[in-house]
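Take a look at the structures below.
Note that chain A is present in both complexes that follow, paired respectively with chain B and with chain C.
Take a look at the complex of A and B:
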């Protein structure tokens, strides 16, 4: 029996993109269901504190004056069916075309949502960069340290080294120091933005308070506080027995290749911040076409000017289509919302679309400047992994093991083939943390561009769950059941395979 | 409130996530690799699974997304 329609629009992700798309669609009278793994709306950048914590007014990060009212609107939108602490597991492919079936699991158990349209606004995560020792406790991503501090009030460590290339790293260093942490050093793979670059970015965002302005103020405070900021420096190893005790920092040239000797800095934590990578597994699993765009974070979801993907009924907005910051995510959320509205209701939304399009274009100009300025040098970063360095954190596959597979199979030319051969990408994180490195290594070996080496395929469920959860769904699924069973061996973890 | 982690009591505040409480408590191996090596939360946003625990018999629970409840029985999750 087919499930009844749950809603007109199902949205995954309640960050700026998802909130904006949901509110836009609801304003036009559509029935909207939003699924997010967090407990409250906000996404990553506007992650809120839990409701149980003593009330404190929420202050938006500088530069986003609209954030508070967007959050308030979202939290008071009772016409929207918000499903928090709920994970979207994937789209169930079926033979019919009267809607999209989305499998979810949350506090009330597992469920299948049938919606006429799906908007994927799943955000991004910190770009992984394997260096020797990066699996040690004490190594954390910049986003993790920041969200632990801002929404959980936990200082991740006492003495930290921050290393990477994204301007967010400077903001995080500043926040850590204000919270009382000892920031031992901030190592930036690139130079500090030159005056010319800073001017260029100002031109790109007339009237906007930019991320670069924030980072410049953070730098000033850090320097005044005696924190060492080392440009053209990368972290080449984390050392310690069962926990980080020190890190090695090495000077690099413009291509981020090491020059000179490493120096050791004592610290109990290493924070990595090389920028973000789109969370696009749901879009991939749904069958959406992807495009390689390295400065925008790697593999991004292809879309048209109303954020529709090439899969009928499926839209994408925010970071899955390219990491472009919160301003852009909000504009794209509005575009996607309006796209769905005009698609489903036939309402004339031309005026609103034009306005949303203008703000998206403005945001895009700034995003492109930031992306180009801070684009990662992927080959140099992949080479930070030594032969013994674990590339696949879940299945413990080292760089050496991957290269052995490539040596033994000279014809092997895709990231996916390597995954199938050596299990890199087959653990619980499902390849999120090794795909880029595997792709870059294969590209380096074969001389083919990463765009041709391709990405890992994403399977149902896109986040692993115990078999019992899939069992709950299977009873309900009719025509989509085959898709489940087929992917079960790879996606579920309880059996230990 | 409090919960147990690998049999030991851990104090926590209402609203805290299991991951935050375990970090604040200085727990080394929130999850364990197949080789028994300790792992701590890496992303704090549900993508890496290094924070996976077993809660009251439910496996593969991401502690960074799970608010503490009084009396929870939590164990390190180990990849096989």
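Take a look at the complex of A and C:
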């Protein structure tokens, strides 16, 4: 290979999974470059305030006693080439392929990272649920509301209704209330966990009691504060002229199908929290096989027991392989890091692997229980959209338009075919907002399982960039510096230098 | 066992246009598509309706250009058919023949355009050379570095997103049976017709086999034409090719033409939706197995050089593209023959079997469809197919 390598391992995402993978690989002498869009490590759950904000000690969320030290280690790991405020655009190739080429763009311009392995730890994003009125200003996702609070210390609104099914909703409600907001009501699509469910989850919880305890305490505080928590209730519409003024809430049955009359609750914001979807565009673009796993967030990246995907040299860790919480993300990051280490250096890491495996198994047990307990009823959620509710916000495609296309083209039965025919998913967000709904609608209309309906193909660049950025995508400006700063991997056979 | 007059294999633009043409002629037709309608080249291509010789035809000198120009009768026919189709179907085909420009930035390139124009005019194409000043009037969005351009008024575009599905719907309305998720897995000559073995994936994921008997089989299988050929003992020298395309975010309409370049790979146009499509034949890389055979079921690899090269070519020709967000780059697979000419006509030694592929088969789709429909009905096509028929590959392709 003519061009020098940027690093041994390129890593995208500096959340718990990415930080852990990076530190593990660096500990074993590999040269690591980490790309993240944020300004500091932490990812979503450990999102930090901007460095300019007045200094206050950072407190990790309950249940993650290891968070502070992980962040500290990451922030002081100067042997890792951290590239913040930098977006990974996708994987590209050369006429003769030997290695990974990752295109990025950041404050220093665009760059092409050459690496021997790629670890994708890009996290997750809020699952969108289109209901009538959801495009009004004032409708927000739980993750976003929390991000505003955590990072910018901004309260999204004064009087809020929160609706959804994910346990995060309760934490966010509690955080909003203690920050001074008026939480009008929390509507949970499912019932409160039954004693049977609670018992069933016990086997999975050792080590996570504090986490569950924290949610329970959040509920207790909300109830004590007079906040109405309504189980078996979904939001069926947001109302308002220029902004949310009220929402409609309706009782639902076990399948989340409406029973009875809607009631109106005044609020200036609606917060939706039905869970998360893997942010797997980069993995898809790189060609990794995906697997349908609805409780784990939908389409997840398929991988082996060391987090290797089916694309040679490409690993995935954390939420892209299934939304399973920070504990799991950390364990998988470690596994991926060790997988890369044994792959590249031949070091014997069996003991560490076994340990990482054990903690991953523990985390998985808990994650599976949580996933199943809070799994979204996708058909019922897709049915909340009215015929003229916009499903694809970028291209303004309504549910009615999608169904019309399906009716007019009887042989059409994939998400991609619908995307091509009616532009749903073709806009700047590349379908992050509408894919789930489109897939569910196609499945419902054609009687095929979502696994057959498929997902949208993700394309380069996974986030839009001005054309000029691609014209400049020439080499890695900083690679020289980075290559000198690091020592070479011991026992490495292939080398680009 | 189903019986029909004609089986069409492939639900790209070509298969759909052919099924529609046959159905309109009152012929019984079953269209079989393994995946979805429009899922491959026809839904991925640039949608250029180009009638001038392309860069790939002139880059290898005048002699190669002369061979390529032999396809002009097909192109002239296609230009007329697209405008008829556009009127009949309206926005679902998105036909706009508002003229095409081929750009020159150097005196050499301008000379290529001149020679190319002479050749094209001798074949009956309306094309004229514009000077720099004339270009600024016609196309103020072009870079001042453009010194000359060949203008062909009948060039333009159609909407690749929606054209094939619209034709498939129209075919179905006229009685054609359109089956998706149905793969042709065998072709056998039986009596005076063909027995077509198919495999359909049903809603629960089971594979269901079905036999179809037809008098005639038409192959419109794009890059898989070779596979179909193998089913009847033919080794067709049809070359698979992987290419790259790009699209920008929507932007107010400013680019009414099809824009190509005489000195490099570039095609530009603005879609009905306002997005700008950027292509021009930049290669992607076919996936291959260990022995070098292309793996057509896998998405080709995007090449870094093509991403950068295509962006730069577009920026040089139309500088204002610089700030417009690029939304997507994708890849697709298509076919060419060694001589760059299309491949259309009767399959030698296989009565009742016909095929069409190769070259600008989107542009030529409606013409191929007409020709195949004529052949299927035992009619003499109005265009002499001798130069384009697969018989030109000689007898060595017959490996049965």
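Quick notes on this one:
Heads up, the rule we're going with is that the second predicted complex is superposed on the first by the 465 of 497 C-alpha atoms of A that agree within 3 Å, B and C clash if a C-alpha of one lies under 4 Å from a C-alpha of the other, contacts with A are read in each partner's own complex, and residues count from 1 in each chain.
Heads up, the rule we're going with is that a residue touches a chain if its C-beta (ideal position, glycine included) is under 8 Å from a C-beta of that chain, and two chains touch if they have at least 3 such contacts.
Just so we're clear, the structure is a prediction, and the values are computed from it rather than from any experiment.
In the superposition on chain A, contact of A:37 is made with chain B only, not with chain C. Look at A:428: by the touch rule set out above, it reaches both chain B and chain C. Contacts of A:362 after superposition: neither chain B nor chain C is touched.
When both complexes are overlaid on chain A, the residue A:464 reaches chain B and chain C alike. In the superposed model, A:135 lies in contact with chain B only, and not with chain C.
With both structures placed on the common chain, the touch criterion links A:446 to chain C but leaves chain B unconnected. In the superposition on chain A, contact of A:53 is made with chain B only, not with chain C.
Look at A:378: by the touch rule set out above, it reaches neither chain B nor chain C. In the superposition on chain A, no contact is made by A:399 with either chain B or chain C. Chain A uses residues 427-428, 464-466 to touch chain B in one structure and chain C in the other.
Across the interface of their complex, chain A is touched by residues 33, 35-39, 43, 161-162, 165, 168-169, 172, 178-181, 201, 203-205, 248-249, 273, 278, 285, 298-299, 301-305, 307-308, 311-312, 314-315, 321-330 of chain C.
Chain A contributes residues 90-95, 97, 101, 103, 112, 287, 408-414, 416-417, 420-421, 423, 426-428, 430, 446-449, 452, 457, 459-461, 464-471, 473-474 to its touches with chain C in the complex.
For chain B in complex with chain A, the residues that touch the partner chain are 13-17, 19-20, 23-24, 28-29, 33-35, 37-50, 52, 58-60, 64-65, 67, 79-80. Contact residues of chain A toward chain B in the complex are 37-39, 44, 49-53, 85, 87, 125-126, 135, 137-141, 143-145, 147-148, 152, 154, 156, 242-243, 279, 393-396, 427-429, 432-433, 463-466, 493-494, 496-497.
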